[in-house]
Structures are given as C-alpha cells and as structure tokens.
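Heads up, there are several structures right after this.
Presented sequentially are two complexes of chain A, the first with chain B as partner and the second with chain C.
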Partner chain A sequence: MIEAQNLSKAYKINRKKAGLKGAIGNLFHAEWAEKVAVDRLSFHMREGKALACIGENGAGKSTLIKMMIGILTPTSGKIRVFGQDPRRGGREYLRRIGVIFGQKSNLWTDIPVIESYHAVKTLYKLDGEMFRRNYDRVVELLDLEELLPVPARKLSLGQRMRADIGMVFLHSPELLFLDEPTIGLDINVKHTIRTFLRQMNQETGTGIFLTSHDLDDIDEICDDAIVISGGKLIYDGTLDRMKHRFVQDKMIQVTGKQERDLQDLLPSARISREGRVTRIVYPIQEYSSAEVLAAVSGCFAIEDITIQEPDIDEVVSRIFGGEGRA
Partner chain B sequence: MRTFWKLTEISMQSHLYYRTSFIINIISPAILLAGQYLLWSALYAQQAGSAIGGMERREMFSYILIAFAMNNLLGWAGENTLSREIKSGTIVARCIRPVSFLTQYMAQMTGALLLQGMRNLVLVIVGFACFPEYMKIPEGGAVLTFLPCFLLSVILRLMMIDVFSLLCFFTTGYLGISWTRRALFEFFSGAVIPVVLFPEWLKRIAGCTPFPYMLQAPAAVLLGQEMGIGLPHVFLLQIFWILFFLALHGMTYGLVRRNMTVAGG
Partner chain C sequence: MIRIFLSLKSQYIKTEMEYTANFWMMLLSGVLTRVVSMAAPFVIYSNLPDIAGWKKDEVYLILSFLFIAEGLCSVLFEGIWHIPEMVFSGRFDCVLSRPVSPLYQVLSYGIGLQGISVFLVGAVSLPVFLRRLGIWNLPGTVMSLFLALCGMLLCMSFYLLCNSAVFWFDSGGSTSIPYTLTEIGQYARYPLEIYPGIVRFLLLVVVPYGFICVVPVEILRGSLPWPWCLGVAGASLGFFLLARTVFYRGIGHYESVGM
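Here is the complex of A and B:
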C-alpha cells in the first residue's frame, strides 16, 4: 500500500537576523540554510493495516505525510502509494485517500457541517446510496446529529474534529492519513474518535497512517509503528516488539498474603508492598515471566495477580531519552 | 460543471454568512461613486461644459458608472484569501480535494463576483433610472454586443487575478502583489481615467497589455464609443489574453507544486 525508499526532504530556510537592524539587513541580504526534515527513510505499510508514526516535534512526521499525499515533492528517494507516485496520481489518487490534519480543518468554515458533507458528495462524485450509507454510519458512530446544522466556525475543537473525521469517511477512502487527530481534545472525544477509527479499520479495512503525540491513540488504533528522530528511521516493526525492545522491566502485581521472602529468589527485582498488594518490578533480561510467576506462587497465597505490559509512554520516553538510538 | 457550481454556491454562502459586511458592501461603493461624480463634475465645470478628451459630460458620467460597477466586481478577495490559507497552512484542504486548483479558485471567485455583480447591477439600474438627464443611456443593440464582451472581460480578469494570487505561494504575504495588480489594472484598464484621455504613446502601451480588454473595451462597446479596433478584433484579443493567462497559470502552478512548502505541522 505504501512503499518508501530512501525518501528525503530538505527545506531551504531563510535565516532571519534578530532585532530591527537585522530585519532591515534581511531586506538586502538573505541568508539561506538547508534543513533536512526527512532523511533517507525506508519503510512499507501493508494494505488495511494501521501504522503509527512516532517522533518528537519537528521529527519530520508531517512532512512525511505531505509527501505521501502528494503535496510536497521529495528531495530524493521514492514514494509509492497504491503502487504509484502520489504526485502523479491526480484526482483519482485523491479519491482513494483521506487526510486529516489535527490543527487544520477540511470543513468549509462558514457553512453548516451538513452542507460540507453534501459538497463532498458532489466533489467526489459519490452515488446517492453509498453516500447515504456512509453518512448514516458516521453520524451515528460519531454522534454528529446535533452538529450537522451548525457552521464549522461555531464548533468547539472536539466537535469540529468529530465532524472532520466524519467527513473524511464519506467517500470510503482506502487509506487514511491522520496527523495528530486528537490534539487538544478531551478524554471523551479522544475515546470516541479512537473507537471509531479502530472500528473502521477493522470493519472496512481502511488503512490508517497515524502520527500522534498521544501514545494512547497509537496503542488503541495501531498494530505497527515506525519511529523517526531527526528525520531518520530508528524503528520499524510491531508495537509489541517495540515495547519489548526498549523496555527493560516488567511489573507483576500480586494481591494476597505473603508467606515467604521473595527477594531471596529474585535478588535483582525491586519489590514494594502496600497493604495486601505487592508490586514486583523485574528486569526481563534476567528473569523470564515464567520464572517470576513460579517464584511468586511459591511465596504468596495469591488472591489476584496481574502482569503489566510495558507502557508505551515509557517506551517512547526511553527511545527519545537516548536509549533507543543506534 | 456540477462541481464548479457547488463550489460557487459555497463561496456565495460564505460571503452571505457575514451579514453586516454584506450590507456595508452595498453602501460603501455608492460613497466612492459619489466621490468620482463630484471630481468629474468639478473638471467639467472648469471646462465650461465642453467635452474632455472627446467625451461629453453625459457620456462621461455613464462611463464612470459602468467602469465603477465593473471595477468593483472583484476586490482584494483573490490574493487575500489564498495568502491567508498559505500562511495558516489550511491551503492543504484545497490541495487534497479531487478538483483542480484552478476550478476551485475560479468557483470561489465567481461566487464573490456574482454577489457583487448583483449589487452593482442594482446600482447601475438605479443610476440610469434616477438620473437619465445626466447620463447617456446605452442602446438595446449595444447591450446585446456588450454581454459577450463583458463575459470575456470577466473571465480574463479572473484568470489574471488567479495568476497574481499564485505568486502568494512565493511571497506568503499578499499586500505587495495585490497592490501591484490593482495599480496596473486600475491605471491601464481605464477604471479610474478612461484610456481615451491618455496621451497617444501611453494609449499604445496600454493597448499592448491585457488590462483595457478587462474594462475599457466592454464599457466602450456598451456606450457605442470608438475603440480604434473592430469588435471582432476585441473579442480575439480577449480570447488571446485568456489563453495567455491560462498558460501562465499552468507554468506558475507547476512551479508552485515543485517548490511548495506548507506552514505548520
């Protein structure tokens, strides 16, 4: 579905000098510098998958999306979506994709949302039945009924994003590019949007390429991830593998009476106790989960036990904290 | 065509959304027009009623009214709208719609133009109806010839504004570009001073530009004035300049696509 090979994008940036003197000087002499936003990136995304793109601010995520939708020209390298160059795909390509930029709306701001939706029907040349089916579905799943007669200008951020996401599904895109779709939204709206996107991905097979700083978005919507830093690819694989690659510890939480000392059996583990609940944080390099479980079951009269998987926030913090870099 | 009209309809709805602004736009042109009337009245008073540049007082007042109505059809909206979208990065929405950039832009401008056109039409009709003794009333035959000439002049002007607007991709700001375009248009098209009043050498220069075919030519056709060239020639020149700007649009948009940057993440 998406194939990038040694993809690079460099921008020419006008370096403005500081202060009034500098501003006047800039009128006569402009200084240009090159900034590499995406640096020889190679990855692929299979049909119907949900792929997350993780990176710090300025890592090149949005530039990557803009190249994939065909509005930016790569400086070098190749990008193919549906087997073709997005820049040469023209209107036919645009009919097959959907794009959401969290900070920019695709709705026409001064007309009611429902009219933007009807405009999509005309612009994408949708047949009545298909439009009606998609329309009913997004209105129901995203709870849009009350927003339809309101001009987009008057919607709150969360309402506008729901309306935007509803609109992007009206033409049944095969592939969706989402650039921080939940930025600035409250927890309820985030939940609605994540659930909807996951459902559409699983039920209709719509591919999703998602960038987000909200790692819960990524965890709930995507199976695979690429991580970029400074424009370079530093990870490409499943989210699960990423968690295990960058996290050294796991935690087991046991509720129940302790009958023997556990520290003797797991000397490298960090054990803390609060009432009847004991937390055991153990290095996965030294102990397997089976070993830890065996030790725990020998030391506790277990009433309840949970193994906590590595948290994606922790993973990303480790990656960008330097541990993930090659 | 359905796509074009849908986008035109949206553009009209967007303009009508701002009711106060819409109403002010009805009143303010009348004030500007009154200013022009007073200026030319003073000039004719100094001439003791004789013609200026071969134009009688009644003909001049008709010209002012018609030229004003045509000039006023398209204001700052062209460059301003696009530059705002470029600065905020919302231009992306335009780029991802499966409709050509030119169609979207022309439809949007047509929406603005149709609304302004309706207001101006009222102004012209009221002008001719209320002050027939001060005006040269166009003849029926002239009106029929005027209509295709006017239509071509509007398309030509829209194409020119489109090309100037595309330059906003390189400058980001719109004021410099818009001022330049307006200054060139208003001077050479005869919007402020009829081209017949220009000295001969300046008239020749103006004739080599597309601007007189956007305003002076249709106004002259309506008032039955001598243009120096035949009507078929005028039509051909209008079509030539439309094709010229169409080619320029293609080249400029190609450059824009190759060098485009989009503001913000």
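Here is the complex of A and C:
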C-alpha cells in the first residue's frame, strides 16, 4: 500500500543572524542552510494494516506524512502509495485517502458541522447512499448527534476532533494519515477515538498510518511500528518486538512503611526512596511482575501500589539515547 | 460546486449576523468610508471647473465602478486575503489534502462584510450618474454591467496575484505587499490624463486599476470607442490567467511548515 525507498527530504532554511546588526545584514544577503528532515528512509506498509510512526519532535514524521500525501516533493528517493507517485496522483489520489492533522481542523470553522459534512458530500461528489451509510455510522459511533448543529469554532477540542475524525470517513478512504490525532485530548475522548479507529481498520480494512507521542494510541490502534530519529529509520517491525527490544525495565511504586529489606530478595533491582514512596525498577528478563509483587508485599505495609510500563517518551528516549541499540 | 459556494457564503453571512453590533458597524463603516471618498471630487470640483476635460459626474462614475468591483470581490472572494495566514500557519496543508481545486477552496473561504455596503454604494450610484450623464439607455446599461463584471474579475485576479507572492517569502506571518499594491491602485480614482506617462503605464499594466474603473468610463463617455470593451475583457481574462498560473506555481513552491 505504501512503499518508500531511500526517501529523503531536505529543506532550505534561512539562517538568521542574531541581533539587530544580524537582522540588517540579513536584509541584504540571506544565508541558506540545508536541513535534512528525512534521510534515506525505506519501509513498506501492507494493505489494510495500521502502522505507527514514532519519533521525537522534529524527527521528520510530519515531513514524511506530507510527502505521502503529495504536499511536499521528496528531494531524492522514491515514494509510492497504491503503486503510484502521490505527487502525480492528483485529485483521484486525494479522493482515496483521508488526512488528519491533529493541530489543524478540516472542518469549516464558522459553519455548523452538519453543513461541513454536506459540503464534503458535494465536493467529493459522493454517492447519496454511500454518504448516508457512512454518515449514520460515524454519527453513531462517535456520538456526534448533538454536535451537528454547532459551528466548529464553538466546539471543545475533544468535540472538534471527533467531528473531524467523523468527517474524514465520509468518503470511505482506503488509507488514512493521522498526524497526532489525540494530542491534547482527555482520556475519554482518546478512548472513543482509538476504539473507533481500530474498529474502522478491522471492519472496513481502511489502512492507517499514524504518528503519535502516546504509547496507548499506538498500542490500541496499531500492530506495526517504525521509529525514526533525526530523519533516519532506526526500527521497523511489530510493536511487540519493539517493546521487548527497547523496554528492559518496569517500575513499581509503593506507598507505605517498609518492614524488611527488599534488596536481598531482588538483588538486580534498583530501589530508591523518597519519603513514604519507594520506587523499584527491575529488569523484566530477570523477574516477573508476580515475583516482584510477592517480594514487595512481604516487605511493606502497602497503602498504595502501582505498576508502570515505561511510556512512549521513555521508550523513545531510550531508543534515541542509544541504550537499546545494542 | 456553485451551489456549495453560495451556501458557504450564506453560512458566513449568517455567522456574522450573530454578532449584531459588529455586523451593522461593518456595514455602516463601509458606507461611510465610500461616501467620504465621494466627497473628495465634490470639494475639488467646487474649486475647479473641470479636470482634464472630465465632468464631476464622470469622476463619480469612475468611483462607482471601483466600488462595485471592490465590493463584489470582498463579498465573494475574501478568502484570497487569507492566503498568507493559511500559508504561514500551515493550514494550507488541509487545502492541499482535499481533492478539490485549491483555487476554489481559497475563493470560497470567508466573507468581507464591508464589501456588502461598498457594493451597495456602487450599485446605487452607478445608475444615478449614468442617468445624469444621459447614458441611462439599453446599450449604456448593458455595457456598464459587462464592464463592471470584468472589473470584478480583474480586481480578484489582482488580489490573487499579490497574495500569491507569499509563497516565495519567508517573512513569517505578515506581508504588506498586497496592501501596498492595492493602495497604489487607489490613484486610479481620477482620469489618467492628469498623471505623467509612467504612472499611467503603471495604473494600466502593472496595477490594472485603470481597467477596472477609468477605462470603462472613458468608453461610456465616448473618449474611447466601444470595441474597447473587448480590450477590458481581454485584460481581465489575461490577468486572471496570469494570476492563476502564479498561484499554482506558488503551490508548487509551497514547503509547508514544521517537520
């Protein structure tokens, strides 16, 4: 479905000099520097899959998405979506895909959501029956009924995102590009959106290419992941394998009084205390969670306990810190 | 397509009407600024018998054509003025990811409220001064309508051309080029004979306001023969094609924002 080979994109950026003197200098001659945003990426995504793209800020994720949509032209290398160059696919191609940029809305700001939906119907020249079917489905699954008569600018961020996601499914896209779709949303809305995306992916076979910072997003929606850093591909494979490869520790946090020494029971764990809270970081290869819990409950008068998986930021920083590369 | 265009526009008007005070203020300010600018020829003509052989009512006719073109553009094509903001905020990405002509999407965006009243001032004063000049007959009226529509197209093309310049700039948010150029256009409120040759050239070829308002009146008062109508139509069509080409070239140049 998506095929990238040695894909690169470099931007020319105007290097601004500091200070007023620099600014005046810039008026007369600008210095240009090249910034490589995507560096010889190769990967592919199969029909109907959900692929996550993970990377820190500025890693080149958005640039990658924009090249796949056809907004940007690659500096070198090859990108094919549905077997063709997105830049040449024109409107035919755009009709087959759907795009959501988390920070920008596709809805017409000043007009009621339902009018936006009808505008999409006309502008995409949708068949009435298909539109009706998709419309009923998104309204039901995303619970949009009461949002429909409201102008988009009056919606809260979560409502707006639901309406946006609903709109992108109206034309039955075969492939969806989502750039940070749940950024800034509360947990309920995130959940609704993830469930919906997963369901659409499985029921209608809509391919999903997603970038996100949120591990839960990626966990719940995607099966496979690519990780990019500084524009380079550093991982390509299933999500499970990625976690195993890059996540070696888990953490348990206990509140309560310690009654016996724990270090003897768990010699490889790192234990730190801060007031009444004890943090135990342990390597998952050596101890199972059950073992650790048993040891902890023997040593503490537990008031509260939580087990934490490292979140994506941690995984990502570990990957990018080079720790996991060995 | 046209139906959606009009329904979007009516939605925008409806939205603006929700802010009642603002709505009426905008309409009123549109009327006031234009009426004030009509006072200028009044003052001049109470001190001078004529300007380069032009009568007062003919100068008013120039203004009427200008107001109609500007007013219609503002009501129908206000979105053009949002291009710089769309480009710098990256919202242009959304425009490019829809399978709909980017030009259509830009034109259909937003509405200029003042335009309504500016258009109305022009639409009222045009027949009034046509009648006072004795050209309120069928050929005169038909020609006026045709020339006014050409003026609208020309005005829109010029706005599009100016605002498409942002695709080549890295100024980070604001550009005053379109405003500066349209300000220059305001010199075309008077007969071009009063200007030196270079300004006349500027107002006809570079900033084509001369074709929007002065040339039509020259045709109507008979100082240019009527086939010049075709010249005006040609100029507007030419400018439109030029602006459209530049706009799409600009899109090719578009680098988006962020990584």
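Rule of thumb we're sticking to: the second predicted complex is superposed on the first by the 255 of 326 C-alpha atoms of A that agree within 3 Å, B and C clash if a C-alpha of one lies under 4 Å from a C-alpha of the other, contacts with A are read in each partner's own complex, and residues count from 1 in each chain.
Note that in this section a residue touches a chain if its C-beta (ideal position, glycine included) is under 8 Å from a C-beta of that chain, and two chains touch if they have at least 3 such contacts.
Remember, predicted model here, so these are calculated numbers, not experimental data.
Chemist: Clash or fit: chain B against chain C, after overlaying the two structures on chain A?
Modeler: clash
Chemist: Looking at the overlay, does A:R95 come into contact with chain B only (first), chain C only (second), both, or neither?
Modeler: Both partners.
Chemist: With both complexes overlaid on chain A, does A:A119 touch chain B (first), chain C (second), both or neither?
Modeler: In the superposed model, A:A119 contacts both chain B and chain C.
Chemist: Go through the superposed model and pick first if A:H29 touches only chain B, second if only chain C, both, or neither.
Modeler: Touch status of A:H29: no partner.
Chemist: Kindly classify A:K21 by the partners it touches after superposition: chain B alone (first), chain C alone (second), both, or neither?
Modeler: neither
Chemist: Determine, under the contact definition given at the top, whether A:A59 touches first (chain B), second (chain C), both, or neither.
Modeler: After superposition on chain A, A:A59 lies in contact with chain C alone.
Chemist: Who does A:N106 touch here: chain B (first), chain C (second), both, or neither?
Modeler: Both: A:N106 reaches chain B and chain C.
Chemist: Let me test your reading of the model: by the given contact rule, A:E180 touches which partner, first (chain B), second (chain C), both or neither?
Modeler: first
Chemist: Please write out, lowest number first, the residues of chain A touched by both chain B and chain C across the two complexes.
Modeler: Looking at chain A, the two contact sets intersect at 11, 57, 61-62, 66, 69, 71-72, 91-92, 94-95, 97, 99, 101, 104-106, 108, 110-111, 115, 119, 122-124, 151.
Chemist: Per the contact definition, I'd like the list of chain A residues that touch chain B in the complex.
Modeler: 11, 57, 61-62, 66, 69, 71-73, 87, 91-92, 94-95, 97, 99, 101, 103-106, 108-111, 115, 119, 122-125, 151, 179-180
Chemist: In the complex, go through chain B and note every residue touching chain A.
Modeler: 2-3, 6-7, 10, 13-14, 17-18, 88-90, 92-93, 95-100, 257-262, 264-265
Chemist: Which residues of chain A touch chain C once you look at their complex with the stated criterion?
Modeler: Its residues touching chain C are 11, 14, 37, 57-63, 66, 69-72, 91-95, 97, 99, 101, 104-106, 108, 110-112, 115, 119, 122-124, 151.
Chemist: Of all residues in chain C, which touch chain A in the complex?
Modeler: Chain C residues touching chain A: 1, 3-4, 7-8, 11-12, 15, 89-91, 93-94, 96-100, 110, 170, 254-256, 258-259.
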